[in-house]
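Down below are the structures I want you to see.
Two complexes come next, and they have one chain in common, subunit A, joined by subunit B in the first and subunit C in the second.
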Partner chain A sequence: MDETVAEFIKRTILKIPMNELTTILKAWDFLSENQLQTVNFRQRKESVVQHLIHLCEEKRASLSDAALLDIICEDVDLFDMKQFKNSFKKILQRALKNVTVSFRETEENAVWIRIAWGTQYTKPNQYKPTYVVYYSQTPYAFMSSSMLRRNTPLLGQALTVASKHHQIVKMDLRSRYLDSLKAIVFKQYNQTFETHNSTTPLQERSLGLDINMDSRIIHENIVEKERVQRITQETFGDYPQPQLEFAQYKLETKFKSGLNGSILAEREEPLRCLIKFSSPHLLEALKSLAPAGIADAPLSPLLTCIPNKRMNYFKIRDK
Partner chain B sequence: MDSYNAPESTPSASSRPEDYFIGATPLQKRLESVRKQSSFIPTPPRRKIPQCSQLQEDVDPQKVAFLLHKQWTLYSLTPLYKFSYSNLKEYSRHLNAFIVAEKQKGLAVEVGEDFNIKVIFSTLLGMKGTQRDPEAFLVQILSKSQLPSENREDKVLWTGWFCCIFGDSLLETVSEDFTCLPLFLANGAESNTAIIGTWFQKTFDCYFSPLAINAFNLSWMAAMWTACKMDHYVATTEFLWSVPCSPQSLDISFAIHPEDAKALWDSVHKTPGEVTQEEVDLFMDCLYSHFHRHFKIHLSATRLVRVSTSVASAHTDGKIKILCHKYLIGVLAYLTELAIFQIE
Partner chain C sequence: MAGILAPGLGVLAHLERLETQVSRSRKQSEELQSVQAQEGALGTKIHKLRRLRDELRAAVRHRRASVKACIANVEPNQTVEINEQEALEEKLGNVKAILQAYHFTGLSGKLTSRGVCVCINTAFEGNLLDSYFVDLVIQKPLRIHHHSVPVFIPLEEIAAKYLQTNIQHFLFSLCEYLNAYSGRKYQADRLQSDFAALLTGPLQRNPLCNLLSFTYKLDPGGQSFPFCARLLYKDLTATLPTDVTVTCQGVEALSTSWEEQRASHETLFCTKPLHQVFASFARKGEKLDMSLVS
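Now for the complex of A and B:
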């Protein structure tokens, strides 16, 4: 074995924490079971490493083998699907005797989990299962809302432990369209690359004017209309918006009005309001408001931040 | 006795919201002028806040409990020719026969419908504003129970009632042969409403017309019902707007804690015992302004379709639900006014 290869392998192994060493070596699958069994992993790390290098020499490790080990080490999370499934199932079954758990792996490193819930004494209800989609290469999971609240902490715990994370936090983002949620969470909605050297002038593109139209016809407020179009485009972009059905705002803010300063002037308490926007395609609807004259441009950041903040449930208070 | 004053004065000019919109878009200015025009409809610029009227003390809460918490579809009805309260039993029989005949004709086919029905006409005592108002009456279709046992109550399939609350302006215009009950409320299958409507139209030469409630009147209702004194609130105060944007529809719901809505109203309200046009406008403008401050959207450019309070809730399609027994007469008075306006 080349000295440089040996040195490279040595340095790579030294970087691996001891508790992950056996897992990584197994994943590398270069040294045989028999060989690994001869190694005493309880020794000092240096001794373990030396022994491993010796074994690699015996098997004549090449540069490509070393490179493969390097790649495996880079994948720090080293997601083991089998281990995840076992762990997840065990946690649920230990807590509730009666629970049905099924898995289905799909492409994009996603695993679909179906859980039918029972209790210590009743069989699982197969007609009201909960679905979870976990993207193993990301710290995100998507949960259907069809479940009793009392099972939520247990489900959260099972996911957290099985996926080897510390804690699970609920995001204020809900929708019926999983693809839209993915688009927002993984920031995938901005797919089209904007070209700044467009040949058609901005004015015509956005206002749909015919370039050959009679120049004696002028549009009233054309400057304002252009400004609104430009701002709308800057805010929302040219690409199709992810599909959300609603946004909800819980407001607790004081009433301040330019209309008549005396209204509710002495009142210290805020107005308790709950505002809900609903639409088959909320973001597209919001996008059309300013051009239609129903809203000011720029639209309020409370609305435009929805994809960026990845939230559609908000609580707003006076600062 | 609270008598209802219908002033003949035209709506007074009030400070208009366009004064408050700095930099209003042309669309908004156009909408404001349309709104101004629509108030040439001679609705009074002021109305009395619903109070518990003397007559209402006679209304047995138990007897009218079934009218509350139900959704009623509203119609206006022209005066009934030669209707008599002493013939109610006869009317029950005739209508019963008519319904059975219509259903057998296959005009209204409902799967599994049982033709063992019973029609009952009854009067609703006390459901009026002044002594001049005709007595309200009720029509119910019940399904006759198959087993003749005392415990089995007949199931009510359809209910409709006719009333007139403070209908002086209409009563003055008709002769003795006519009975004026301009407000009709129906609950139950639409097919039944159609059959019963046909029978009444044939028998009494009258005409039903669906009563829609426009945004202007919904705002008035919201203000008046918010003005009502309540011991405790059973529902949040909520408004629903439909936004005319395309291609997707957008609905905006604005719910406000009823105590906060009342506080806002009290701050706007100046004339004791009455509600004026200015106050209604200002109340709504405060809500629009609070909303605009947060979202930069002009609710005044959208269409108000539903208002909901602890007193009652109303939808622009002519649907109403009354939640509070105390203000039942007050709510009906407003609706009677709308019905009369539609007839005239």
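Now for the complex of A and C:
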């Protein structure tokens, strides 16, 4: 048996909890009943694993046998809404006596959770609830920001345990539009695909330039205009942009200047400043900058990476 | 000649007569000359005109002939062009139809400016179901530009395992997951839409359709106890459940016939697609009704 195969099987078996080990090995159906009977499953895990590897070697396990074991061990999310709701509520109620939790399921496999927070001694404040939207069988939840900071870890724990995940990480993405957040987080904002059935061949589509069709008018900078249009289309695509209101950049960088002897450039400590872009529809505004002649194309990647990196709050430090 | 009898008169008259004869004949010959000259001139004119006429006739003939020749040359070419055009249109139609037919193979693609856009058409039991797209950028490393795969399908895991080393395996694995998901979803949808009469409560399902629980009765409106079924599909590449539990609500200890039924239902759910199991329940129910009526 190949060393890599042995290593692979060893690592796979190590991931299996002891109480499930026999079930999984039986489901795998590679080692015979007789072989399995020779294994003492009460030993320490390492010894059990070693014995099993030895048996696999005897039977000459191949890579496809190992792959089959991997499939069987896959951590499949069997989401049960009832279980989730019970588990979530229990965790919050055990930690905080005074808390109101309500659920509402919606059509797109989302469950809306409303939590009114109290303390050990005070009743829950119904006027400042937190709303959470959890999309089952995805590792994402969306939280409203109307929440006291001290309850954040508890809420995170409740979500993690109830959804059977290991940890929760906060994303630097904020917006008032849940649909846009969803589109960015689930990477669903671009849903145009080239097929043989499409009636508009992509190459022949007009660039959407507002150029007069009158041939007596000549635009001197037509080449540049077309270049800008092409770059904008490659960067932003043809789809409607998700709606965000802000992009915030926290800079902690040293001042860079072409002039020597500038006071700011001589500072040892990095400068700290905050740059905030606001707009009713930030990404559409950014998209229109170059065609309007306000900015050069291509735009800075710090601006264009927002949907791709799923962030609109950045911290930039010198490397 | 008259006699010399009228000696003076006769000679003079005679001379006179001779003079007039001469002048007359002179005149006549002059006239004749001019007429002849005129005749000659006219004659030449006629010749000229005839010549001109002949030239013009020849020119007309030549023109007509060359036009005819032109037409004769053009006409056969035009018909050839029309035939070629029809042939090309037919070919184009055939190719388009073939490209559309590729959808039925389940996996097709179209080259894009940056790579390829793969289309996965899922199907279950001969029914064409949803299509999903993966737009790949052909670069080192190969990457997914954008896609329409649902969030709960482990696309990133599959890509991490196979995309860089074996793209065939990547596509095959993704097809497996998507077809299995589509099949499970189809079964759950059919159960909800076609057999709602046999269900005694709403069907509980999750996004992946890999955990279904429902309660059902074989004789809706009848006195029998409802069954509770819980189907787990731990293998996301399969359309049949890996674990099935059927219990009977409200009965502590089941009679043997109920127990047999319960066990047989468990087996049925494990081996047949969900909606087919219910179809067989419905048929059995019909048989019962028929027997009651007769």
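Operating definition for what follows: the second predicted complex is superposed on the first by the 212 of 319 C-alpha atoms of A that agree within 3 Å, B and C clash if a C-alpha of one lies under 4 Å from a C-alpha of the other, contacts with A are read in each partner's own complex, and residues count from 1 in each chain.
Here is the rule we go by: a residue touches a chain if its C-beta (ideal position, glycine included) is under 8 Å from a C-beta of that chain, and two chains touch if they have at least 3 such contacts.
Because the structure is a prediction, the values reported are computed rather than measured.
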Exercise for the section: For A:Ser257, select first, second, both or neither according to whether it touches subunit B, subunit C, the two together, or no partner. Expected result: first
Practice task
Report for A:Asp296: first if it touches subunit B alone, second if subunit C alone, otherwise both or neither.
Solution key: first
Handout entry: In the superposition, subunit B vs subunit C on subunit A residues touched
Key = B
Practice task
Could you look at A:Lys187 and tell me whether it touches subunit B, subunit C, both or neither (first, second, both, neither)?
Solution key: second
Handout entry: subunit B versus subunit C as contact partner of A:Leu274, first or second or both or neither
Key = first
Problem - First, second, both or neither for A:Met81, with subunit B first and subunit C second - result: second
Exercise for the section: Answer with first, second, both or neither: which of subunit B and subunit C does A:Gln137 touch in the superposed model? Expected result: second
Completion exercise
Shared subunit A footprint, subunit B vs subunit C, residue numbers none
Practice task
Name, in rising order, each residue of subunit B that touches subunit A in their complex.
Solution key: 20, 22, 25-28, 236, 243-257, 260, 263-264, 267-268, 282, 285-286, 289-291, 293-298, 301-302
Completion exercise
In their shared complex, subunit C is touched by residues of subunit A numbered 71, 74, 76-82, 109, 135-138, 140, 186-188, 190-191, 193-197, 202
Exercise for the section: Spell out the part of subunit C that touches subunit A in their complex, as residue ranges. Expected result: 96, 99-100, 102, 108, 110, 112-113, 117, 119, 133, 135, 146-148, 151-152, 204, 206-208, 210-211, 213, 232, 234-237
Problem - List of subunit A residues in touch with subunit B within their complex - result: 220-221, 224, 249, 251, 253, 255-260, 262-264, 267, 269, 271-282, 284-286, 288-289, 292-296, 298-300, 302-303, 316
